[in-house]
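First chain A sits with chain B, and in the next complex the same chain sits with chain C.
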Partner chain A sequence: MNIIVPIKQVPDLVEELQVDASGKDLDREWLKYKVSEFDDHALEEALLLKEQHGGSVTAIALDGEDIDKALFAASAKGADRVIKVTGDFKGASNHTAAKALANVIKGMPYDLVLTGVQSVEDRDGQIAVLLAHYLGTPHISVVTGVEVAGGKVTVHKEYGGGVVAEFEASLPMVLGIQAARETPRYVPVSRVRQAMRDANLEEVAGDGSGVSAGSSISRMFKPETGGGAEMLSGSAQEIAGKLAAIIKSKM
Partner chain B sequence: MDGGRFLYRRVGYERVFIYGFWRRYRKYRRGKDADRFNNLVGRFFKALGAMATNKTVYKRDSYAGAAHWMIFWGFVVLFIGTAIVALDFDILKPVFDQSILVGTFYKWFSLFLDVFGALFIVGLFMMLFRRGKKPPQLDYKRPDLKPEQYDRSGYQKDDKAFLWLLIVIGVTGFLLEGLRIAAEGMPAFEVWSPVGYVLGLMLGGFGPETLHPYVWWFHAIVVLGFIAYIPYSKAMHMLVDYANLMFKDDLAAKRLPKVSPEKMKEGIGYRKIDDFTWKELMDFDACTKCGRCHVACPANASGAPLSPRDLILDLRTYADATIGNGTSEIFQQTFSEGVKAGKGGKISIAGDIIRADTLWACTTCMACVEACPVGIEHLTTIVNLRRTLVDAGTMENSLQDTLANIGDYGNSFGQSDRARAKWTQGLEFKVKDARKEPVKYLWFVGDYASYDPAVQQMTRKVAGIFEKMGLDYGILYESEKNAGNDVRRIGEEGLFEMLVEDNMAAFAKSDFKEIVTTDPHSFNTLKNEYPEFGSSYAVHHYTGLLCKLLDEGKLKFSKKLRHYKVTYHDPCYLGRYNGETEAPRKLLRALGVEFQDMRRCGANSFCCGAGGGRIWMDDSKLEKRPSVQRIEEALEIDGVNLFIVACPKDYTMYTDAVKSSGNEKRLAVRDIIELVEEAM
Partner chain C sequence: MSNSIFVIAEHLKGKIEDVTYEMLGKARELGGEVVAVLLGSGAKGLAGNFNADKVLYVDSPALADFNPEAYGKVIASLVKSHGPKMVLVGYTSQGVDIAAGLSVDCDMPLLAYANAISAGSVTSQLYGGKMNVESKLEGERFIAAVIPGAFPAEPGKGSGAPVEDVAAPDLSGLKVLFKRLIEPAGGDVDITQASVLVSVGRGIQSADNLPIVQALADKLGGALSSSRPIVDAKWLPKTRQVGKSGLKVKPKVYIAVGISGAPEHIEGMKGADCIIAINTDPKAPIFSYAHYGVTADLFDVVPALVEKL
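What follows is the complex of A and B.
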């Protein structure tokens, strides 16, 4: 079983976030970056599957802030290959990122692609479905459990309201991971440092151009505190009507 | 008498002894190097002193200490005396037709031997009596296993055999003397053997000439049997424990062993029995099961699955089974099949032989190492095994998160490293930046003092008092990282080294002469462990520095705080680890408070339960948290109203314990700095 895990670095929310002068992005000068929590879960699930069924795990990431550190940590945790896709991916949308990743992944043998279902700084939470689209494979997102048996994969997906569905799907496919079965493992610093010295960080040139971003940022601002709350009452239909009127008035 | 046959037998006993001794020696040779051969002469005499005085046995158990002293010196004197008699009787008389055991020398010699012989027997009976009272430290009940999972009756047999063999040897020795004196017709000069003389008077009517050879043979065979028995029993402690004391590291636990670069590469920690050092292997054999560590341990006392005694004994059993050529003792502990099998066939030392929850239960308070009379370094072994768990990522999620936080931000709170000096905001003065201007004292603030909102209040008070006294001090602001004391004791050696490197780099960029800290944990590692990484600064705990300033007249109190009745909790890392018990008490005396120590104080203080990373682990499974036990101990003092601490973690732990045990109205927790501020 060969598993590919696209990961990425996101701003560390431990630091206070500031909007930059353009008003459309974070002021990134003082930002700290860390691996997206969901990607960490995707990697953990991949490592658990490898421990159960053998095979290999490849962590792949688009070039970006501190990405080497993230890939070395993945290697220390047990990823067999770590690949950095080079190119200019600053501010890339999920559409561009998925295209660039898919271009590289296409040329590699794989059974599963596991990635975080979303990240703190993505706009649409569509990275997994976009990857599946460009790779031409089936896809399931918001996954909380993966079991593999005889070329088939059984996937647990969470819905709202506490509903869980179980899917059976055939390989290869892309899964957007919400949570791994176990808490992502701790990797001791000695092993990360060892990986920094010994691991072979492969570099592949990549390109995700030529696709639409799907959405764009018109303004970025901190949540504004409102002047109070208005409770809507009535039947569902009446409330919906009042809501629609309010939204229209603000547009 | 058939001298030839006796001689043959005697040689047989010796062979059994030598073989047993050699087997043990061969076992230790399998261990890794331990770097304990420096200052051999000093080590030799220091251990000799400890052995001759029995002071490590006497410490905190004067009854056992006195009894042991009598047995020890009785044994030594009788051994030497018997050797002199043998020399006189078997060599000097038949070969040279000479005797030294005549005249005045013989009289004093006889008296001396009789007195020590009597002490020997009295000591043994004192021990027998003590065992009869079943003190808790001699209870073999384990906190981690159910009674049906292990069998310690082997140890009990060994305890009894050792004691009774010595009693039989002592009593038959005296009987023999009495019979001889009676057989010789009670010569007058033999009153110099008072015990033997009295026995002679009593035995005169029982045919002493006939009885003597039988008793002689019996005594001789028991003695020789005992010699053969030594290396296969707890009697081995007579030899191993001297060596163990001699090779003990004075900084054991205070300074943990470094990990070699090769070991860092292949994975930290111990995986096979050969990974242990020869000193650790000797530690396992040195244990006499006196149980002092067992009753001193806060984990054991709070129902956690750890007893330092059982940990050492389990490792002894394992070492014997793997590299000891079977058992080294006649009487062993045994385990049920379930325990022996471990998990999944492949046995791992850290995990199966010693369970992970056992290793994680340790608060690294060092009470075991401090209590051990024979120089066992439990804590080093525990941390070495924890390293294996860390390498495999086997730990609680909360601990894992904390380690990740310390790795990412340099603090255990998971807050931005740039917020480290936020506590200085709102002070009426500016705390100097040691990176930008030269200062005399670098104040190493530490995580809890920097980030914990409750402790920050104390930190600001410390700053205010430093300022008031005109102390030339500064801090490292966001360049300071967690000092790594507890990180190292968790077993995350790579992270510890990273923190040391970062802090040392910040030190190098700053200009200061000495270091002061309020945190005993940081104090310990800065003082004892950083020097191995190149630091050469003098390190002070704030209580020591305040005392010094008090002596110099720079710290002055304007009033006496007579209205408080206080007790003081010695932090493990200050009192036990670093012997600083006087400075805080001196401050309290100068403050004029009414002061009374708790039952356990000074180096014998009882841990709050926070050390060695425990503060970041779940303690909800404990029967009664050590901090709550400690508060109850403080409340044994009549009329006490303040519980004084000198450690940020203690402040957090005890404030919580006082609340959760519902004692808020009776007792308040105060940092000593609060009293200092009040009295200034």
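What follows is the complex of A and C.
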């Protein structure tokens, strides 16, 4: 079973986000990046499937902010191969990114491509389904369960209210992973450092030209926060007193 | 290109999802011919209260339940043959499997997470609700994946519209087959019935800290609910999850503790009568939806509150 896991780095939302001077992008100078959380789930599910069925897991990413670190972390977690797709992907749309990934992936043997259901930056659509259509393989997204047996895959797709639809599909296919069956594993920094010394980060030149998002960003702005909220201040005790009064009046 | 706006109707378990009405209402406002697209098996009646000019209905046993492959094929063929100027799809579990494929197959731009739409531009809610991004379209045609709850549902309801039956394209040899729907396990507290919910998010840091918020719920005679990561980590059962893929709740009082307010969470709770948010980050999107906000450490405020009550 060969599983390919496209991952990407996204701004860590714990940081305060600011709009840059152009008014069309984040001020990225001081941003901290981290692997998109749903990609982390996709990698975990891929590693669990490999532990069950054997085969290999390949993590792949387009060149970008801190991407080597993300790929070495994937290697430390158990990915057999880590591939960086080189090229200028700064500010690339998801259409372009998916096309570039598809161009590399179509030359590789694979049974499953698992990637995150969404990321916080999917302005022009989610990678999993774009990628599937560029590869010409079927897809299911918002996936919370994957089981493989006899060349077929049983997939759980989640709807609202915790209702789950079960599908059966033939391989190969692309899945947009919402949640792995286990919490994504953690690797200590020392193991990532070791991977940086020992793992072979493969580089492949990539190209996503020929497709476009068909739109461009004209303005980025913060939604009004606290617009309607009455903010309570004071010491913890004072706040608690005010809250208690409010809650009692609303119950 | 025609002047029509396609609205992809969504249904689950024989019921039209609200996002369908929300999109129909929005389409009306945008102007042009509003065409609802409904797929199913013996499901024509579901269009009875659409506010639309026309309903395109495709019937096939293969469309009885949502199937990413079958629905994708049928909708792409309708978009290709009718050439609508706009297609509105819900940013929902079903919609995620439709929108991007349609964009590639029909070569139409797609804007995701849409919360505002006008003729040449769409606003997307990005970065977990922390930024709005307005996009300008290069051409006139586009697809928008619309966040549920972004527009009111009422304007999308009406007295139905003439239904045009469209023959399904060949759906033999599908590689993806729908098997069954699995209902969540019952037997737990029903958070949709609670009049007070204390809802906990990742700010709680560890399962060991849950008693701190449980104490508040107990004191208020309410129930403990949560954001999705708490459920994914298996600290609370799925039945406690509020949001897009969890439950929609409308309690009298909703206290969000250490929850950032991602759009997927907001979808499930914005209808609560009184929303109180406790969060260390003054920029947390949850404060846009709260009636009362506290920028403070939950580990200080929650125990103090329990004492005051």
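A few points about this structure:
As a working rule, the second predicted complex is superposed on the first by the 219 of 251 C-alpha atoms of A that agree within 3 Å, B and C clash if a C-alpha of one lies under 4 Å from a C-alpha of the other, contacts with A are read in each partner's own complex, and residues count from 1 in each chain.
Keep in mind that, in the parts below, contacts are C-beta pairs under 8 Å (C-beta built on N, C-alpha and C of every residue); 3 or more make two chains touch, one makes a residue touch a chain.
This one's a predicted model, so the numbers in the text were calculated from it and none came from an experiment.
In the superposition on chain A, A:Val146 makes contact with neither chain B nor chain C.
Of the two partner chains placed around the shared chain by superposition, neither chain B nor chain C is touched by A:Leu43. When chain B and chain C are set side by side, the one touching more residues of chain A is C.
Contacts of A:Gly162 after superposition on the shared chain: chain C is touched, whereas chain B is not. When the two complexes are overlaid on their common chain A, residue A:Lys34 makes contact with chain B while staying clear of chain C. In the superposed model, A:Leu71 makes contact with neither chain B nor chain C. Contact with chain C, but none with chain B, is seen for A:Glu121 once the two complexes are overlaid on the shared chain. Of the two partner chains placed around the shared chain by superposition, chain B is the only one that A:Ser190 touches, whereas chain C remains out of contact. In the three-chain superposition model, chain A touches both chain B and chain C at residues 14, 16, 183.
For chain C in complex with chain A, the touching residues are 12-13, 65-69, 92-94, 96-97, 99-101, 103-105, 108-113, 121-122, 124-139, 142, 145, 175-184, 195-196, 220, 232-234, 238-239, 241, 244-248, 252-253, 255, 260, 273-274, 276-277, 281-285, 287-297, 300-301, 304-305, 307-309. In the complex of the two chains, the chain A residues touching chain C come out as 11, 13-14, 16-17, 19, 26, 95, 117-118, 120-126, 128-130, 132-134, 138-142, 154, 156-170, 173, 176, 178-179, 183, 211-233, 236-237, 239-241, 243-244, 246-248, 250-251. For chain B in complex with chain A, the residues that touch the partner chain are 259, 264-265, 267-268, 390-391, 393, 395, 397, 400, 403-404, 407-409, 414-416, 418, 492-495, 497-498.
Only residues 12, 14-16, 32, 34, 183, 185-194 of chain A touch chain B when the two sit together in their complex.
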